[in-house]
Amino acid sequence: MSDELLKVKNLRTEFKRDKTMVTAVNNVSFTIRKGEILGLVGESGCGKSVTSLSIMGLLIDTPGKVTGGEILLEGRDLLKSSDSEMRKIRGSKMSMIFQEPMSSLNPSMRVETQLIEAIRLHKPLNRKEARLYSLDMLKSVGIPDPETTLRSYPHQLSGGMSQRVVIAMAMSCDPKLLIADEPTTALDVTIQAQILDLMLRIRKEKNTGILLITHDLGVVAEMCSRVIVMYAGRIVEEAPVKELYANPRHPYTKGLIASVPKLGSKVNTLPSIPGNVPDLSVMPKGCKFAPRCQSVMDICRKSEPELKAIGGDITQKCRCFLLNTQNKEESN
Amino acid sequence: GCNGKSTSTKGSNDVKTADEGAGTTKEADTEKETGELVTGSTKGVSPDNALVIAVETSISSLDPHNLSDTLSISASRAMYENLVMFDADMNIVGQLAESYEISEDSLTYTFHLRKGVKFHDGTDFNAAAVKANFDRIMNKDNNLRTRSRFVLTEGDVETDRIESIEIPDDYTVVFQLSAPYSPFINKLTLVPVISPAAIEKYGNDGLITNPVGTGPYIFKEWVEGDHMTATKNQDYWGTKPGVDSVTIKEVPEAGSRTAMLQTGEADFIYPMPSDQISAAETTGDITVNATTSTIMRYVTLNTNLKELSDVKVRQAMNYAIDRNAYVQLMYAGYGAPATSVMAPSISYYSEQPVYEYNLDKAKSLLAEAGYPDGFKLTLWGDNSTQEVKGMTFIKQQLEQIGIEVEVVPMEPATVSDKIYVPLEDAKINMWYVNWSPSSCDADGAMRALFYSKMCPPTSANTAYYNNPEVDKLLDQGISSADPKELTDIYAKAQSAIWNDAPWLFLGNDQNIFANKTYLSGVSVAPDGAINFANATLAQ
Amino acid sequence: MGRYFIKRVLGAIPLLLAISFLIFMFIHLIPGDPVRLIVGYEATQDEVEVVRDALGLNKPLLVQYIDYMKGLFTGDLGNSIKSGMSVAELIGPRFKPTITLTICAMIWAVLIGVLIGILSAVKRGKLLDYIGMVTAISGISIPSFWLGLVLIQIFSVKLGWLPTGGLDSWKGYILPSFTMGAGIMAILARFTRSSMLESLREDYVRTARAKGLREILVIGRHAFKNSLIQVVTVAGLQIGGLLAGSVLIETVFSIPGLGRLLVDSIGYRDYKVVQALLLFFAVEYIFVNLVVDLLYGVLNPKIRYD
Amino acid sequence: MSTPLVSVKNVTKTFQVSKGFFAKKKYVHAVNDITFTIMQGETFSLVGESGCGKSTTGRLLDRLLTPDQGEIWFNGNEISKISENEMRPLRRDVQMIFQDPYGSLNPRMRIGDLIAEPLLIHTNLSAGERLKKVQELLEIVGLNAMYYERYPHEFSGGQRQRIGIARALTVRPKLVIADEPVSALDVSIQAQILNLLNDLQRNFNLTYLFISHDLSVVEMISDRIGVMYLGTIVETASKEELYENPRHPYTKALLSAVPFPDPAREKKRILLPGDLPSPVNPPSGCLFHTRCPHCTEFCKSQKPEVKLVGDNHAVKCHYPDLYEMK
Amino acid sequence: MSDSKKIKPNTSFGEDDILPKPKSKMKEFIKKFKKRKTAVASLIFILLLAVAAMLAPFIVPYDPAAADYNNLLKAPSAGHWWGTDEFGRDIFSRLLMGARLSLSVALSAVGIGALIGIVLGLLAGFYNGIIEAVVMRGSDILFSFPDILLAIAIVAVIGPGVINVVIAVAVFTVPSFARIMRSATLSVKEALYVEVARSVGCKNGRILWVHIFPGTIQSMIVNFTMRIGTAILAAASLSFLGFGANVTEPDWGAMLSQGRNYLNTAPHIVLFPGILIFLTVLAFNLLGDGLRDTLDPKMY
């Protein structure tokens, strides 16, 4: 496929914790095509951020390390690239924005300095040109008074403004891939709506592939074409977005969708998934969701199911033994 | 008579003055004594012709009429000269005066001045200059320390000893005294002559930092707390110095002073710390020398204290001190055990039978006095490392006979505060201290310390020693002029005090100094004054 | 900034007045009699009183204080009891050595301390971190006089590279300033390390990396700049103590500075000199604090002084 | 549900902020002239965006803050001006649950001691009795009774929030102020906690002041809702009224901005321009006019009054009928 | 609440619950502490030193005060492991005995200073206003007085002696603790759980003691251990200037300063006290870091 932008194959990332290694991301594979928004959802600690940091090669300074798999950006394996090659790719071919817009900007530098720094790292512009360019960038992310914003320090900006600046910075070198790690979680709904709108516009204008990480199923539903659901470091389900919401296969996905309160649903009690997300260092044997699963079977506690395509449709995959029984039932 | 001046240790030693010049040149009869000058042993060559002398204390002033400490006096002598001086044999000879006469009635002193001498500022030295200097000194408003040497104080009444000064011609000065005063000529060895133009120009404050005299060196600079530099006076009337300049540098830390000598940053250091002699000598281009000093090291015993009022106790304590160990420990052997109440270099010194180190005797004396198990005492002293070491030694020694000693080192200022109280307030038990009468006079070495009327706060009889016989002897001594009689009187006094043991007599140390072997002609006088007028650096 | 500066300076005046009063009382209440030290042990009580009167030390303390303050406002610091020199003349030439020494010490301390701190933070848990830590702690666990004497033995006596001290050339400042800076170097290294560890964890550092910035710039430009705020505060606090604590170094390296003068003057109960010095130290402390606060504003854009 | 347990009348709270050392004193108008009542046994919710004064309102009610103006009545007592000592006995009846389950538990105390703290202060129970109560409560909120000797960091966010709830319930308060109790939690855990709160209310006849920024959460738990904007309540209504018939343009925009977890549903978002204005310099006239899609010159200068637009439905807008007509 | 019906939430916390087993406060602390090897080693060193110091009178090979004028400044040998000093006294014995004085002076001085400073800082941070102004201006004044001078003055006023050095060192320890404590208090005071405590109905005393103080303990411990080192060195500096604690009883600082004249003739007499001071200060610092990390609930 020529429009395949990013292909992650069997990614495995481990963290050192008290001398032992814990696996934060286990065997994760997915692809993003050009101009596509892929959603990555899952509860806190399931490995969403680690996945994105692994792709960006930003596990520096953490006890974490990618220990297996391939990350192909336009066919080139990032894991085999040298540090300096990665630095060139980072910021130019792929960029990332983070959850906390306020803390993503250096509090002791003017916006100007930070933007120009990002631009000049990858574009052959002098300071003056870079400044003009950054003015354009700020305009394009919908900042009403770019001159003032450029001269401001981050603490003088509101959350929404900061996030726009961060996006402008990330988009400054026209990356092919944008990884957005919970870009709106810290923002208010009305501001969130603005930012989501902006991202949709960017995708449309620049045909950027976006990996949108979130735990908000509402955001995914509005933004993405395809979704990956992660649980305990593993992908448990992958499907086109409509299919996922209409017909979730994995018990976890089902529970997740059901437990989100919906506007106008008029219920007093929400269905909920009992228990907690397991800790990485004390993972249950077998299926990681088994302890919380309402339709748990014996086999689930013994061995782990594979991520399998559902009914031959490669766009839809699920990691559950129920699938086998369902399939059997269906075939019977 | 001589008025004794004390040397305490660092911190309060500015009370030490070098009255009456260099004291005696009597050689102390210790093995280590090597004399003052190291001639003939010169080795190596100096990299430059600038003499650097590193000293422990600081120069406090260069106004020669208002000096209080030995170092300042030494330093000022680079620039200043007196009418008369002591020669090497302690005879008074002319310096700026070519000769002098004393009248029959001892009231008129006539000085014939050297001609052609110029002050460093180019003005002539003459009789008017001498008179101007004395006018300055005797003016009460100027509040100069030298004035006290020419004033008789009796109660509240002060009378000038000098009635008038006349200058019959440009090179003759006539002093008329109000009453006979035999030390007058000696005192004149301590009255440097300042250029009257400078007195006029600088005033009292300015003279502190702007010395203008007739001496062999011309003042260059004085950085307070750091150094003073003077350069060779090319127009000096006498023998010109062998070095281009002399710098007296303050280096308070003993180790650093030694290091400076080792690296050649200094050519001469005084005092040489005795602990580092062995290290310094290993380099091969350093000689360590010592001259006899006038310092007496001792511990005052408060004879009014119940335990210490018994002479047996005090003698017992004296028997418990190993004086050889003391000299070795404290001065690396550069010194001698005490053999009298004053240093052998003081005139009319009389050797006493030593208190041999004898613990058994000490213990039995103590038992006789009724203290077989000893008792407790405090020992006061200054808080410098060296003094503390000495006190620690005393503590160890006395503890051998059961006397428990608490060592209490204090700042000099605090000590003096505690010492100068009337008897009824006195808390003193023992005081580790020293005394240096820089005059030749035995009276100076004894009166302030043993005369019964000299108890604090009046003066320094901190033992509160009261022996009418000694009082009588000291009175006799001051009114007598016959050397034979004096020898006898002071021998009796020393013997009486020695037997009464109001002190722990410790020892007499030497002035230890060290220099690069290529330096010659620099020495330290018994009172601690450094003499560098004849310095030469081998080139 | 200007108005802020003026306000702070004005605000310091009552503090300084309080300090001057405390200093005055404090020194005069320490036992010890300067007159006795001047006149000598064998001087009589009468002579002592004469001198005491001449020096004005017999007046009530409060009157003496008022006299002193009057002098202070007319720029007259009085005269030294010990040498008779005017206090200004006595102190004046001593500023330069001490201040030069302090500044050099600060430069050493900041350069080495910050470097060690950054390196240990970046290489934390590695050998370099431990070496840095031990070096740093050596700085706070070796008495300065001892370090100074050892350095003299090595660099002056054995190797002959540097003078044993003194003010003759810039070389004379190397050993003393290094000795003086060692303790602060240690403290700065530890503070830099911990604040660097903190700022390295910050999101904006990750953002900087995500831009593709080289690691050295990530650390130097982004992480360190924010640690600097803390480092400046700590360093500023240290300078205050440095000047006054210089006595040991000035003694060992024979430098005629304020610290030695202070201790000597206390020894002589040279009240006027001690008062002037203490007042100077207080002013210096307040000034350094003010500079630190201003620097803080420069480094930390969240604090503004306009 | 007829007697008001709480009634807040025209309460205003400002905070002094002096940014910069030399700047003039400035004030944040955190809560500006708000009035509402909470009936015995009902759940009254406050929604609004960050910084609009929700928490301040909660803290005023709990008298952690003293109002500048206005009256606060709780259970028949006027509490807005009373001293801390007078308030202390009343604290037994008012308990608070906080948004941040991590920050609200003292990390250095065992959870048993944390939960028992109100008992220690408000009752004379012995240590043994307290322990029994704590264990009971732990089970009530769905935790193992043996957990009492553990430390907060050993628990997940959801479990900590349960601990916070347990603590709030120990002395059987009349009013529970829940300040964003679920916004820090994962969706699956959020549902657990919301259900728990619902159950507890039924079982213990609790009255809730529920604070949240999430309209979908509020809908699930509330009886009545107040929408806040810049320190004022712009609309109050019963749950049904508010969601079906919002009358304030802000409420409407807020509702439309909530992402709906169903891709199949077509949505028409009302995108509000700009940011929330600073509460230090609130806009003149209608506070919402800077972002309002229907702003008129009148709105810019005139403050709107509270208008009753239906049963229990009040709105602060000059043109409350604009939306009804649509 | 026994009258109420228990709610069975739709959650299960069964055997497969992944939380660690309950532990006692102390045991857990010890377990966490044990993981910090350097801190454990430091603690062992300090404990050994403390025990040696306590038993010193019984275990020293020589009487530390006994002079031996035949064995002055002897280099280390089988008879005198670490050599002898200028009085011929056994350095090893003196160092062991000296540990008593040095450690107890440092610990008690810093302890007293810390106690006062912490209380003042806590009050200043908690009750702003007059108390804060007084404490902060007071510490400004103390800070602007040179440390050494303060010590000299105290020793001059009340005379030399152990107690006085303790007081002197304690006095200049106070402002540093007061400041650090105040800023720690100010930041902990902002913590949500403090507000929670107030909302629950805690009185100020309880809030201060139970909720705020433990939150500041980490920075206090680090400052405390750092100050121990400073105090040992301050004692040495005071000795250098002649204001030492006790001149005849062995004390590390005094040994170092009195022995400095022998740096090139008999280096061992300052080397061993120097090394011991270094190791002790290092150990206290490492122990402090370890304790801080152990007490940090977020570290494990």
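Labels for the chains are A, B, C, D and E, by order of writing; each one numbers its residues from 1.
Keep in mind that, in the parts below, contacts are C-beta pairs under 8 Å (C-beta built on N, C-alpha and C of every residue); 3 or more make two chains touch, one makes a residue touch a chain.
Just so it is clear, the model here is predicted, and its values are computed rather than measured.
Colleague: Please state, in steps, how far subunit E lies from subunit B along the shortest route of touching chains.
Modeller: Contact-graph shortest path, subunit B to subunit E, evaluates to 1.
Colleague: When I count C-beta pairs in contact, which pair ends up with more: A-C or B-C?
Modeller: B-C
Colleague: Based only on mean CA positions, could you tell me how far subunit C sits from subunit D in angstrom?
Modeller: Inter-chain centre distance comes to 53 Å.
Colleague: From the C-alpha centre of subunit B to that of subunit C, how far is it in Å?
Modeller: 38
Colleague: Nearest whole angstrom, what separates the Cα centre of subunit A from the Cα centre of subunit D?
Modeller: Chain centroid spacing, subunit A to subunit D, equals 31 Å.
Colleague: So how far apart, in whole Å, are subunit B and subunit D when each is placed at the average of its C-alpha atoms?
Modeller: Chain centroid spacing, subunit B to subunit D, equals 89 Å.
Colleague: Residues touching two or more other chains, restricted to subunit C: which are they?
Modeller: 31-32, 145, 149, 153, 157, 251, 266, in rising order.
Colleague: What are the residues of subunit A that contact at least two other chains?
Modeller: If we look for residues of subunit A contacting two or more partner chains, we find 272, 274, 276.
Colleague: Which residues of subunit B are in contact with two or more other chains?
Modeller: Only 255, 411, 413-414 qualify.
Colleague: Spell out the part of subunit C that touches subunit B in their complex, as residue ranges.
Modeller: 31-34, 36-47, 54, 82-86, 89-90, 93-94, 97, 145, 149, 152-153, 156-157, 160, 163-167, 251-257, 260-261, 264, 266-269
Colleague: Hey, which residues of subunit D end up touching subunit A in the complex?
Modeller: 49-50, 156-159, 186-192, 194-195, 198, 213-217, 219-220, 243, 253-255, 257-264, 267, 269, 271-272, 274-276
Colleague: Would you tell me which residues of subunit E are touching subunit D in their complex?
Modeller: 1-2, 4-7, 9-11, 13, 17, 19-20, 22-25, 28, 191-193, 195-203, 206, 210-211, 214-215, 297-298, 300
Colleague: Which of the residues in subunit B end up touching subunit C in this complex?
Modeller: 3-6, 8, 11-12, 14-15, 54, 58, 60-61, 63, 66, 68, 143, 153, 155-156, 204-205, 208-209, 223-226, 249-253, 255-256, 259-260, 262-263, 265, 411-414, 416-420, 448, 454, 457-460
Colleague: Can you tell me which positions in subunit E touch subunit C when the two form their complex?
Modeller: 137, 140-141, 143-149, 152-153, 156-157, 226, 229-230, 232-233, 236-237, 240-241, 253, 256-257, 260, 263-264, 270, 274, 277-278, 280-282, 285
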